[in-house]
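Shown next, in structure tokens, is the structure this report addresses.
The first chain written gets the first letter, and so on, giving A, B, C and D; residue counts start at 1 in each chain.
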């Protein structure tokens, strides 16, 4: 990959992110925050790459593994907790709009 | 540029395009159509590239030039006509919302 | 990356950013005009970026300069001329024409790139020839469809082409499938290196564009144009793969996707699905056999003088403009009439149906041209509850958009389309030339109602007479 | 491109598509839950894509497998445990902790990539080392700030850390500037090849994160967390440059940008600007000197029994829950009280102020947990016109969000913040433990009004007593 094509991707990704969130009702601020938070744990891919590419017995293995642990804590915990919150809202899905 | 990075750009550009247009009031359908139309004349860049890279005396020069003419007809005419329409709407800018 | 690369890169990023802002802004009344200028500026910027890049690297030969200048001068001049001269009533045709020319541009550049490859010496490790060929073929295919489809659409909107009856037979689908398959075959040959099949591809896809657009009723044309606009974006994106330009790809993709959304929005406004627009054929021809031929039994016709008298006595008047007003170019005369009424203290508003006229938002443009204040234009949903409290409704060259069948008659092809409930008003005057039907070809039950009076005549003529009558009554002269 | 490349490419595209859909869906009530699951699925997909890519190309050594499994098991297990156990009242802290861990992950992987470079053998003609170094440094910088800032935010929300007075002196800006400049210097050294300055960068940016977050008042914490969430997206995007992954870049950029928008939306809801949140210091400490110390002159206090009697006679009751309700964990008891009232034919609705509680939307989550039907929760703008027609308002552990100063007193620091107009109702009961102020530290004029009665006590205790009293009155027992 050339650097400039990565920059294109960065620009377009940012613009997309800016557009994706429209009017969020305050009700959803908390779950949206925690959901987006979980997605930012995508760094787990970087940690995985590091572990896979590490030399045998390199300390990188441990660093990567700890990093992976932190990331997965964020991802798995984040999605679960978001789901817990959202599950409460959708308990009565029929009468959402009065 | 690698092909796959171009595909990334294509995907993200399309997603962005899908998001950019929200609720368009019917009033604006015509100008929006003609404005987007003018932007699609961006092919003029391809025509320019063809003319610049053409061998001396190659028929590509003529083909490129005709292509450029069509594209600029689209671009320049499109933006002007859109502006003409929009100028009418904005004549009384103070009382837009009653 | 060296300096010219970096500069071009930054300019391209900036251009994409501005284009995105432009498209976004165009969808809001408040920002539309600035957004349009912004987009135009972004396009200019991208050209400057490209030219200065080649100036700074390989240089631009004099011969190229000549052809660039000739091409751009001719194109821009003609485009500007058309844009300045064309009457607002012909907007749909104009947009169709512009769009077709955009498609033609993609088509030509792709043919050029195929016959006289200019991209080989580009960059080391660049596009494989296969991908190059595929992009070119897509560009040709989509470009040709866009061009021929847009030109047919324009011709139909101009009235140069009607919808011939034979295009409505089911067999048309078969013919189109043949064109489609032929295009596909030519496409396959082409990308496997058979250069001569390029002409087959051009011809087959041009025919496909014609074959698909010709049977579509004029009423659906704006949707078709919007869809073709989306295609021209796709063609631009494909051209971007040919010349290896992210800017082209992103801009093309944005236009393509935005066009698709707009098409969808329009279809909803006209209560049609995209599928039925594309493959359902013309609405009118489907229906002439059914409810279209019903007889009118109870028509009341009245003179312009009677109409003037009723108007003078009214407190609240709603004007419903339609396609006929646009055809008659009567928007300025209408404005004079309403001015007189307003001077007499009569409240006047305009009820704008989203698909009145020949293009969504067309009426707004026309009335704005005649200096009607923006706040007097009311959209359908806002004005519908107001009809019961209205004394007089003037239906001016509108027909389908005030047809109560759409609400009451489940068997009607119009059923389900949102309409203006003019029949709820005390008195309705319908101004049209005769008893002929509107675009859908369907009988209008409104004309039969007891509170409806027809005033026959060309909209502009009737309105000028109305001005005379109102003057005689002393309306608007205090 | 060979097969594994293509598969990975398609998987990555798909994952981005799903993530985009997920983020979009999370901002709409209707689709939020499915969107969250979709996003989780996209993350899983991306991991599968990565692992299968390496399995299909270079292979994954057993040693790596061991560390992968250990790391993921420990992280996922602990994360799941916390997510399942944590009470809904502690959501803000929990989100802050998760976010900090995300930042820590970026920080660690960047340190690893710097000390034990693993990206060199990547692809020919790939990233130049300079860009690699810059990306790593950005990752470290942003990751460290995210981590330390989030941990401070969490500690403050948990009450483990208060806002020390000395952090409010203007000099703190100077200290932070020193940290910032040091980070910048370390950054510059690092990218010019001075490996040992990595630790300086880590320390300086950690301190910067602490220094910026510590002075911010607890009331503004949710905004800070949202901003730090946006940072962690940026850190992920930077890590994407390090490991050469478009997927990481796009996902990180989307989270970064979406987080920024959310932060902006929240600031608007709390009537604060982002700048004043970040650099204005804590709201309470600014104000204790001014209007915060006013004396109450006209306090009416009443017993739970009186409150129950008034409630029994009411037709329409509005409950205003606030932070105190969350602290007292009284949402379930509250639900029992309102059930009783409803059984007696009394209409009950809940007025939810957007920033009631400690996090936007916090009250909705808490009340939903106690099974309050969604349609009884009314947002501020919808409920404000209803107060004049209301017999009894129960203010439960809320304070700032019902302070009329925000509307009447231009000199008040709260002035301009939208509040609930509870004083318009016939009778207002305020249930709280004492006369202490709310988060803003400002005196509440509501308590002095003649139609306001205070019911002192812990919210949960008062509510349980209320149940008893209502039972004695025979309410809700038919």
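Observations on the model:
The definition used in the following text is that a contact is a pair of C-beta atoms (placed from the backbone, for glycine too) under 8 Å apart; a residue touches a chain by one contact, two chains touch by 3 or more.
Note that the structure is predicted; figures quoted are calculated from it, not measured.
Compared with subunit C, the chain whose C-alpha mean position is the greatest distance off is D. Centre to centre, using the average C-alpha position, subunit A and subunit C are separated by 42 Å.
Between subunit A and subunit D the centroid-to-centroid distance comes to 16 Å (mean Cα coordinates, whole Å). The mean-CA centres of subunit A and subunit B are about 35 angstrom from one another, to the nearest whole unit. Each of the following residues of subunit A touches two or more other chains: 1, 3, 5-6, 8-9, 12-13, 15-16, 19-20, 22. In subunit D, the residues that reach two or more other chains under the touch definition are 20, 24, 246, 250. Pairwise, the chains that make contact are A-B, A-C, A-D, B-C, B-D. Here subunit A touches subunit D in the complex through residues 1, 3, 6, 9-10, 12-18, 20-92, 95-96, 98, going by the rule given at the top. Subunit C meets subunit B in the complex at residues 19-20, 22-24, 26-30, 32-33, 35-37, 39-40, 43, 46-47, 50-51, 54, 58, 60-61, 63-64, 67-68, 70-72, 74-76, 78-80, 82-84, 86, 88, 91-92, 94-95, 98-99, 101-102, 104-106, 108-109, 111-113, 115-116, 118-119, 123, 125-128, 131, 222, 225-226, 229, 232-233, 235-237, 239-262, 265-266, 269, 352, 354-355, 359-362, 364-365, 368-369, 371, 373-375, 377, 379. Looking at the complex, you find that subunit C touches subunit A at residues 1, 5, 9, 13, 16-17, 20, 24, 246, 250.
Residues of subunit A that touch subunit C in their complex: 3-5, 7-8, 11-12, 15, 19.
Every residue of subunit A that touches subunit B in the complex is listed here, in rising order: 1-2, 5-6, 8-9, 12-13, 15-16, 19-20, 22.
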